[in-house]
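Two complexes, one shared chain (chain A), two partners (chain B, chain C).
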Partner chain A sequence: MITLGSQGKNTFLEAVNKKSGANVLECYQCGKCVSTCPVSQYMDFPPREIMQMIKLGLKNESYMANSHWFCLTCSACSGRCPREIDIPAVMEAVRHLAIDENYINDSKKVKEIRKFHEIFLSMIKRYGRNYELRMMAEFNIRTRNLFKDMHLAPKALLKGKIPLGVKPLKSAKAIKRMYEVAEKLEKNK
Partner chain B sequence: MKKLTYFPGCSAHGTSEEFDSTLKLVLKTLDVELEDIPDWNCCGATSAHVMTENLAYALPLRNLVLAEKLENTTMGIACASCYQRMKVTKVKMDGNPELAKRINTTVVEEGTYEGKVDVKSMLQYAYEDIGLEIIKSKVTKPLTGLKVACYYGCLLTRPKEITKFDSPEYPVSMDQICEALGATATEFDYKTECCGASFSISNTEVVENLSGQILAMAKESGAHAIVVACPLCQSNLDMRQPDIEKLQGVKYDIPIFYFTQLMALAFGYPIEQLKFPKHIVPVEGALANIGKVEPVPEKVKKPIKAVEAESEVK
Partner chain C sequence: MARVGVFVCFCGANIADYVDVPQVVEEVKRIKEVKYAVEYKYMCSDPGQGMIRDAIVQYKLTSIVVAACSPRMHEKTFRKALSDAGMNPYLLEVANIREHSSWVHQKDKKAATEKAMDLCRMAVAKSIANEQLHEISVPVTKRALVIGGGIAGIQAALDIADARIPVVLVEKSSSIGGKMAQLDETFPTLDCAQCILTPKMVDVASHPYIELIPYAEVLELQGFVGNYKVKIKKKASYVNFKTCTGCGACWQKCPVKVPNEYNMGIDKRKAIYTPFPQAVPNKPVIDAEHCTMLQKGKCGICAKVCLPGAIDYQMQDEIIEREIGAVVVATGYDMWDPTPYEEYGVGRFKDIITSLEFERMVSANGPTNGVPQRPSDGKVPKNVVFIKCVGSRDEAKGIEYCSKICCMYTTKHTILLHHKVHDSHAYVFYMDIRAAGKGYEEFVKKAQVDTGTTYLRGRVSKIYKKGDKLMVRGEDAQIGQVVEVEADLVVLATAVSAPKDNPELARLLGISYDKYGYLSEAHPKLRPVETAKAGIFLAGCTQAPKDIPETVSQASACAAKVCGLFAGDTMKKDPMVSTINNEYCSGCQNCVLVCPYGAIVTEEVPMGHGSKELRTVAKINEGVCQGCGSCVAICRSQAINLAGFTDPQIINEIVSI
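For the complex of A and B:
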């Protein structure tokens, strides 16, 4: 069923437009974004359909779709969009709203993508920089897939492709403080 | 002597150490002195903007603010992903003072953002600030005979409103640099297709599919090697290549060079300094083509203009 929000207003469309700075209503469904998108084949709904779902106010369905998690922000779609809509910004707005409103997509792939980003951010919080080897190890442990990419490890480590350590920031405190302020900003939106 | 503020990015101390070290060799020849941003931090790469808006701007902003304390007004960035996050943040901050004020509260101790420093990728810096003529003049060992497919990926030229550099669909800057070094750039249609980027770890099958298509197209273009300017593209195309070959049942054997490695090679640096042993796909086969002169093909393509002229006569 399509719910258009209170007083028949499409509050979801308004929220996405406001957050993304784009105007989703300008989309005329030509589908160029779908044929351009390198990952549309993996999406529950390709970008064109997500745009239409936003227009129809299908909030739940848009949030729960894996589409915004699969978007790589490669900006190929927006570069070719005849209406010049910033589609990656729309995808990002949907994702951020879904995170804010605690909508959790339970599929294995989305869980893994999300876990990767969370681990990456925790590396920066801890070291101020990315610690590649630890990030990969933590990803394998936390997704219960210990042997993922292990066949690449001996060569990569021997060749020094992936170093064993990281040079942490001198002022790691600055980053911790930044995270705290940013979290507060996020809450006070 | 030119001076340039330098943001190496996390991978410069890790997976793309050969990019960083050969870049330094090349800039030494080109008489450019690099000044590192003191105590720089990770730009947040693909993850920060996926999860949260404020942190996505805050992490690059700290580097921009720190860079403003140095004398130079241009910041050169090796990694394409760092470049894009930094440039997006700069454009957003410059265009939206309210947002700039809000994000600046996360880095008050470092200072206030003023927008004094311009942000460029190292490819853009080499192309615009150094120029093809000077690059050409430094070549002592031309790469004649080597055919390369120049792969730009998504981040160096897109979105065009942000990067304002080269073409978002069919860029040519790296091709022209390679030609200046004596190599031949092939006609390669997948120049700006995505390699799968940050899905390298969390969604490997997507990377294997997308990078596989890029490798196949590069091979079809007749290239001996692919040239890149992005650490993530390099590791996806190089480190994942054996798995892709297994998956597709094809043998590619295409080494993936950073454009700085080829520049250093053409500038006459000894091969030992170019960190080729770090590559997963061996480079020797491709480099063996240097110096080989190909026979001129019998069928010479008619120039397009001549065909047009004929049809006009009819």
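For the complex of A and C:
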């Protein structure tokens, strides 16, 4: 059971609105985002419910939901939203706030997603672009599931979907520098 | 000898698909009186009517049969075609071969065709005995009665009076204004209700064509459209309005305090009172039930302090009679009493109030000077829960229908709450948000986005007390979880219900009402302001719940109907009315008893030619008679004849099949 009315001002709503630049109060719960979202069936709370939870100030529940981790930020939802709410921005805001405030969803799936994000970013840092083969290998090793999706590899290889080598971008150094600046900023925060 | 023309219509495919029209034509041609018979795709179209006009002249026809749709659809159309060809329009007969044959016998074309032939034969037989009839003219009293002085009655009265037609406006309470006068601001524009209403109230009082009779009730209505007589009881006010200056000394000094109806009983008024400062007329009345002088003969303070000597304890109820031609009924609505909601603690918890009580609280001229207060301790509430559909859409405890205005007034209340108490928060439990109206959806968005009202989708299951708070439990279907809101104040959006006096008034006026007590319109779509009784119209919530814009539109529509009715000095009426043959009438008066319209009275006529002895016979009032034929059926001496449905006509019909 959820108790409302005793917590005073809805600071959670204000924080999400500020960080995302969207106004969650605009949401009138039509559910078009849910039926648009390609991954809503994997979320424990689909986007519409997350919006209502933010409106009600249910901070803990929103942070601990896996929805903002599953969100692909593909923006199909916001493209179709009749109230033109930037839902991916809201999802991202919840994700950032959850990390900042140390709300860790330690379910296996979320852990994997976080690892995927980390490996992807390290690829960009190193090559300035993604190196699929290495990324897959690293992901499988770090998630201790060596043969995950292996059966797809021969087919994908034959079709040339998995290049065996990678040619770093000319601007790879500049991108690396960007990472360093960003990390420094993060530390000084 | 009669020369009949028969015109059979295909009605596109409506008739032709299920009735063999050419065969029907062949069949009627065999009747010897039929001199001309023809089929056509659309008889009602201009070429179709042209065929009738031409045939009348060419074949010297003496009566016409049109076999087509229901006479309710096109009888008038075809009558006009007859008139245009110089023929008496009442020589027309319509055989309804669509509703009575093709539509109801779609599975059996042969039988449908045979039935259509029968119907045509009957119509031809009847038409042979048709007589020329002429429209009846009835004189009109050009004065309208408006019952109820709320916004509907005010608008109707002003619109009629502006057309220079005298209006008698009867109001039950001592001031006009009705429910609207109790409202603070109105959705969706947030205009102050008083600011837009009181100028109209003053206009009513000063209008040369409006006779305002406040503190009065309609007792009796007799007569018929254009010629009604109304009896009005003017209740004793014990104050002479002519000499009273409205100074207010009387109610300031009156020692008796009673709950103030205008403020929903939140504060007290005196036994001599004006309901609110802007009352029209702004004269006090004495509430006889609570006045010590009138009850026990002691006190008399108001009479002592009244300088003009306007107080008259001897005043009696007065009966006023007026002749009028039309009636607009605008008796408004009642708020539904939420007592059956025991699970909400209605009656047990002081901090549960109704929407109209909240309205008075946030009203600047209200009992709390515009700042809402908890009735229990007078504190200003911070968390307020609004519960919609209390009584509405609840077959178990309340009424089946949607009260239509609660969604919007609750939206307004959340905005007003935020205006009056800036750090407050409003929660609304709702089932649907019905915001169909100009600017309404935008208004809801304003509450949700700008004001930050929290909408929770679900009906509240129970309310219980926790400390000095009320815990309101319901589901939020948006997240599929049960929520509890800690509330300082709970406002119930109680349903709109029909005025409890409506059934009695309906009987008195001779109009019908529905199972809820709302007065019934003649047709839900195409005649929404008329009643089934000619000359009586409906405006506002007395017909069904509606908001102010809709009420005002309906009131103006009533005014247009009244003005239309009064446009000529006389009214035209169909001649299908009963006539009495005095020679045969035995004076038994059975017809008087069966007539549903009160159209039959009695008169004294000489026993014989030149005789001085008198006997009683029935007399039909042509203006009232609707031609139903009940009197014809009951008359044992066959003294009554109904024009257009005479015995020879009916017998011809029967013989023909």
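Operating definition for what follows: the second predicted complex is superposed on the first by the 164 of 189 C-alpha atoms of A that agree within 3 Å, B and C clash if a C-alpha of one lies under 4 Å from a C-alpha of the other, contacts with A are read in each partner's own complex, and residues count from 1 in each chain.
Definition applied: a contact is a pair of C-beta atoms (placed from the backbone, for glycine too) under 8 Å apart; a residue touches a chain by one contact, two chains touch by 3 or more.
Keep in mind that what you see is a predicted model, and the values were worked out from it rather than measured.
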| item | value |
| --- | --- |
| Partner chain in contact with A:R177 - chain B first, chain C second, else both or neither | first |
| Which of chain B and chain C A:E26 touches, first, second, both or neither | second |
| Touched partner set for A:Q52, first chain B, second chain C, both or neither | second |
| First (chain B), second (chain C), both or neither touched by A:A76 | first |
| Broader residue contact with chain A after superposition on the shared chain, chain B or chain C | B |
| Chain B residues touching chain A - in the complex, by the definition given at the top | 10-11, 13-15, 17, 39, 41-42, 44-55, 58-59, 62, 102, 105-107, 109-110, 154-155, 158-160, 168-169, 192-194, 196-199, 201-204, 206, 210, 235, 239, 243, 277-280 |
| Footprint of chain C on chain A - complex, ascending | 1-6, 10, 23, 25-26, 28-29, 45, 48-49, 52-53, 55-56, 58 |
| Chain C residues within the chain A interface of the complex | 383, 385, 425, 427, 445, 448-449, 452, 454, 457, 476, 478-487 |
| Of all residues in chain A, those that touch chain B in their complex | 38-39, 42, 70, 72-76, 78-79, 86, 92, 95-96, 99, 109, 112-113, 115-118, 120-121, 123-124, 128-130, 132, 135-136, 139, 148-149, 152, 155-156, 159-163, 166-167, 169-171, 174-175, 177-179, 181-182, 185-186 |
